[in-house]
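Each in structure tokens, the structures are laid out below.
One chain, chain A, links the two complexes that follow: it is found with chain B in the first and with chain C in the second.
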Partner chain A sequence: MLTVNNLEKSIEGQKIYQNITFTVGESSIVGLIGRNGVGKTTLLRSLVGIIDPDQGEVLFEGTNIHLSPEIKKSIVYVPDSTSAYNSYSIKELVRLYKTIYIDFDEVVFYELMERFTLPRNRKIRMYSKGMKALIFIILAISTRAKCIILDEPTNGLDAVVKRQILQFLIEEVSDRGISLLISSHHLDELEKIADTIIMMKNGEIESVITMDDAKQHYQKVQVVYKGEFPASIENLENIKIIKKIGRVTTLLIKGNVSETCELLQKEQPLLLEELPMTLEDIFVSALGGEDLVK
Partner chain B sequence: MYFDLNERSNTPIWEQIVNQVKEMILKGILQPNDKLSSVRELSSILLINPNTVSKAYQELERQGLIETRRGKGTFVSETISLKVDEEKVDQIKKSLKLLIVEASYLGIDKHTLQTWIESYLDELGGGDEHANGK
Partner chain C sequence: MLNKALWLKDYKQSKFIIWAFWLVSLYVPYKFYQHVNSTEYHYDYWKEHLSKHEEFQYYFNWLFTEASFLQILVLITLASVLIGYERTNQSLDFTLSLPYRRKDIFLSKWIFGVVNIIVTLTICVLISFLTVQGTIVADFLPNIVFLYYYLTAITVLIGVYSFSLVLGLIAASVASQFVFSWIFLYLPFGLWVLIERFITFHTLVFSGRAQYFDNWLTKTLETISFPFILIGLDTELSLFVEAKSEFTRLPYLLIPLLVTLISVFGLISLSRNIKSESNGKLLVYEGLAPFLKVGVVVCFYLLGGMFFGDYSYSYEGKAPNLSSYHIGGIIMAAISYVFLSKLMGVKFQFGKK
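For the complex of A and B:
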């Protein structure tokens, strides 16, 4: 549905991202994760034509969105901050969206406002953060676009609104087969709803994992050896030591899980056991570094 | 239908759904011709990807436990005809053997083991009714 080929962008001589290639399939939910400042927002904005990339192309069902702007009605972007619309009333927002998205369905919009019991006659700035988040997602859904790009949609929302938003999005995916590309730091949420996770590091794609594979490709284990931790294992490329406390070493195996476990077993550990693993473990081991904040 | 999903488990979510539906059917919480939640409802309640639910339902259907009735939804099959999956049976035999070996090292005797097995079978409402006639 959405194909991104070799996208590259520099701003003021600084590379923001490069070699970005991925696809978002039909009725698929793709999560985009990466540390703050890695270029996620800039990338998302490039996918909808707010920013022009220096190189590469973004295709929606085969049509280049930067060369054929009319195809942009099929993709809608929900920004993380909506303060630019603060002085708009709901009516004005609807008029704006209708001008941009010719398929915008006003009836659906007001039905959804009703369903979430959102008051209508206010300026955007008068709504709470949760209401604003909902309104902009409702606006996006009402454009009838096939692909919705969401930049941190649940950031700073309470548990109830968060659940409402996620349920609403999941229902739309299952009812209408739309696709979602979601950037988020809420890994536990993404872990359940996404079928594919794209991890970004230093402005490039570190890895693309389908959730089905994730649990086969990665394995977290706890291992205890009587003496020193065997150097032969420490030097393995697909092993990342998460922490060492006394004799107990926790490590993450990336790929070749069963072979690697055999190697661990060969060194005659006192204890070797699998630990439950989350997306957060993969995130920290793949993207974590010594530098704290970028 | 009530599911208790553990996203930290190494068992994929779709497989957890398959296992829990099977358990509900055995315990009679789900009975023949009962309607299952739709993919849309279940994914929305559990906040999981709709494809995950579809995958679980497809697997249950392949195993003959549920069936899709066109335009009506998904139901527990009227007659559950469990297909014999040789590989699975073999796997169960092996894990049982392993358990018995471990149990004997822990000093659990034959009688205790048998009592446990019987009580689990009772818990699942007879349990061996599906095995009859095979």
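For the complex of A and C:
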């Protein structure tokens, strides 16, 4: 659906991102993560034609969005800040979206406003931050676009609103088969909804991992040995020790999960148990540093 | 280009400026109304007291310099709001993410402004015309005056708006677009004044006799700074009405027409590669910064010299002091350099997280 080929961008002589290649398939939720300033927002802005990349192309269903911007009728971008629309009323926003996106479904929009108990007759500036985020996501959904790109949609929102938004997005993907590309540095949220995670580091894609891959290839375990943790296991390349408290060691196994578990078992542990694995564990392990994902 | 969504968005963003343009333009028919009242008063007075001794003298004291100045101010503000403000409050991101060609987005802004200028002026000139009809003024004021005003105002104001709009693709914030528009619209005449004073001062110092220049040169450069064509129109029309001179300003309108054509061409060309990454800064293109710095420093040097230069001979016949000019120039140039360098490092944006 959305194909990004070898994208590269420099601003004021500084490379913001390079060698960016990935695909967002139909009915998928792709998470884009990375530290602040890694180039996520600039990349998203390039995907919708706000910024021109120096090199590479962005194709939506085979059409270059920079050369044929009309194709963007099927892509909606929800920026991280919506304060530019503060002077709009809901009615004005709906009117504007209706004239831009011919498939905009006003009935669905107002149904969703009602579902989330959002008041109608106000200027955007009068809504809370969470309400604004929700309104712009509802607007994007109501356009009936095939792909929605969201930049930090849940930043600064309380837990209840976050859950509402994430639940709503999952429903839309499963009901209508739309695709979502979500930039966030909240790994816990993406873990719940994304089926693919793109990790950016130093302006490049460090890895693209599907959640199924993650489950098959990674295993988090807690192990306790009578004496010291065996050096033979500690030196294994596919082992990453997450933490050690006394004799209790928590480690992450990357690949060859069953063989590595057998090796752990051979050393006769007092305790060996699987732990629930988080996305953060995988990234800290896969990318080799606790400071990579925050 | 006549996209309804883009017009809705542009109107929402600029409606107060559009209303302000209506308001200042309605000042012209209001001035006509005042003129009719005052002429009728003078006519009645003449009929009662002076008609036996002298002919009625009609004076066309139509002073609308302030209206023209305000119209120019409002249109520069309109252009700055439609592009510069979008850059500053980040709504340009939304605009560029829409399913429209960039050329159409910016031509739509141009047509939006031009249509508003034409409609407003047409209605205001019609009201002015109708205000005069059936009154004593109609006996003395040729109808062609309305046409001269209409053509001049439309051409100059569209030129101002187009020029200011295209500067929005070079300046990266609302403030810089607004300031650049003012400076560059008046630059030919303003720069000439500075250079003229420089030459006059130095010839006075070195040869004891100031070099003055022909009036036509100043007049030509004033015409190239084309807003002056509209600002000075009331004097020209007054002379024309009172049959003291021919109305010679119509060929000058080629200048704003040319500026409009070049601006629209620039708008189309620059919009294709519009850069959003510098939004909020002084300039979109970093490569222009050295030229801007040199230009500003030179202009402020000349301005400092003009302000602080001592042009007069002393009582003993001693030539003016050369150093006063250059010390003033150095101080102003240094201040402008420091100020500009600071400004270039600032990103003026709001609404950003």
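We adopt the following convention: the second predicted complex is superposed on the first by the 218 of 294 C-alpha atoms of A that agree within 3 Å, B and C clash if a C-alpha of one lies under 4 Å from a C-alpha of the other, contacts with A are read in each partner's own complex, and residues count from 1 in each chain.
In this section, a residue touches a chain if its C-beta (ideal position, glycine included) is under 8 Å from a C-beta of that chain, and two chains touch if they have at least 3 such contacts.
Small disclaimer: the values here were computed from a predicted structure and weren't measured.
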Let's test your reading of the overlay: on chain A, do chain B and chain C clash or fit side by side? fit
Partner chain(s) touched by A:R163 [first = chain B, second = chain C, both, neither]: first
Taking the superposition as given, does A:I100 touch the first partner, chain B, the second, chain C, both, or neither? second
Hey, is it chain B or chain C that touches more of chain A? C
Output check: A:D80 vs chain B and chain C. Expected answer is one of first, second, both, neither. What do you get? second
Could you tell me if A:D175 is touching chain B, chain C, both of them or neither one (first, second, both, neither)? first
Pick one for A:D52: touches chain B only (first), chain C only (second), both, or neither. second
How far apart, in Å, are the nearest Cα atoms of chain B and chain C after the overlay? 27
Touching residues of chain B toward chain A in the complex: what are they? 6-10, 12-13, 39-40, 43-52
Enumerate the contact residues on chain A facing chain C in the complex. 11-12, 42, 45, 48-52, 69-73, 76-77, 79-81, 83-88, 92, 95-96, 99-101, 152, 155
In their shared complex, at which residues does chain A touch chain B? 27-29, 163, 166-167, 170-171, 173-175, 188-189, 191-195, 211-212, 215, 219, 274, 276-278
The chain C residues in contact with chain A across the complex are 4-5, 8-9, 12, 89-94, 96-102, 273, 275-277, 286, 350-353
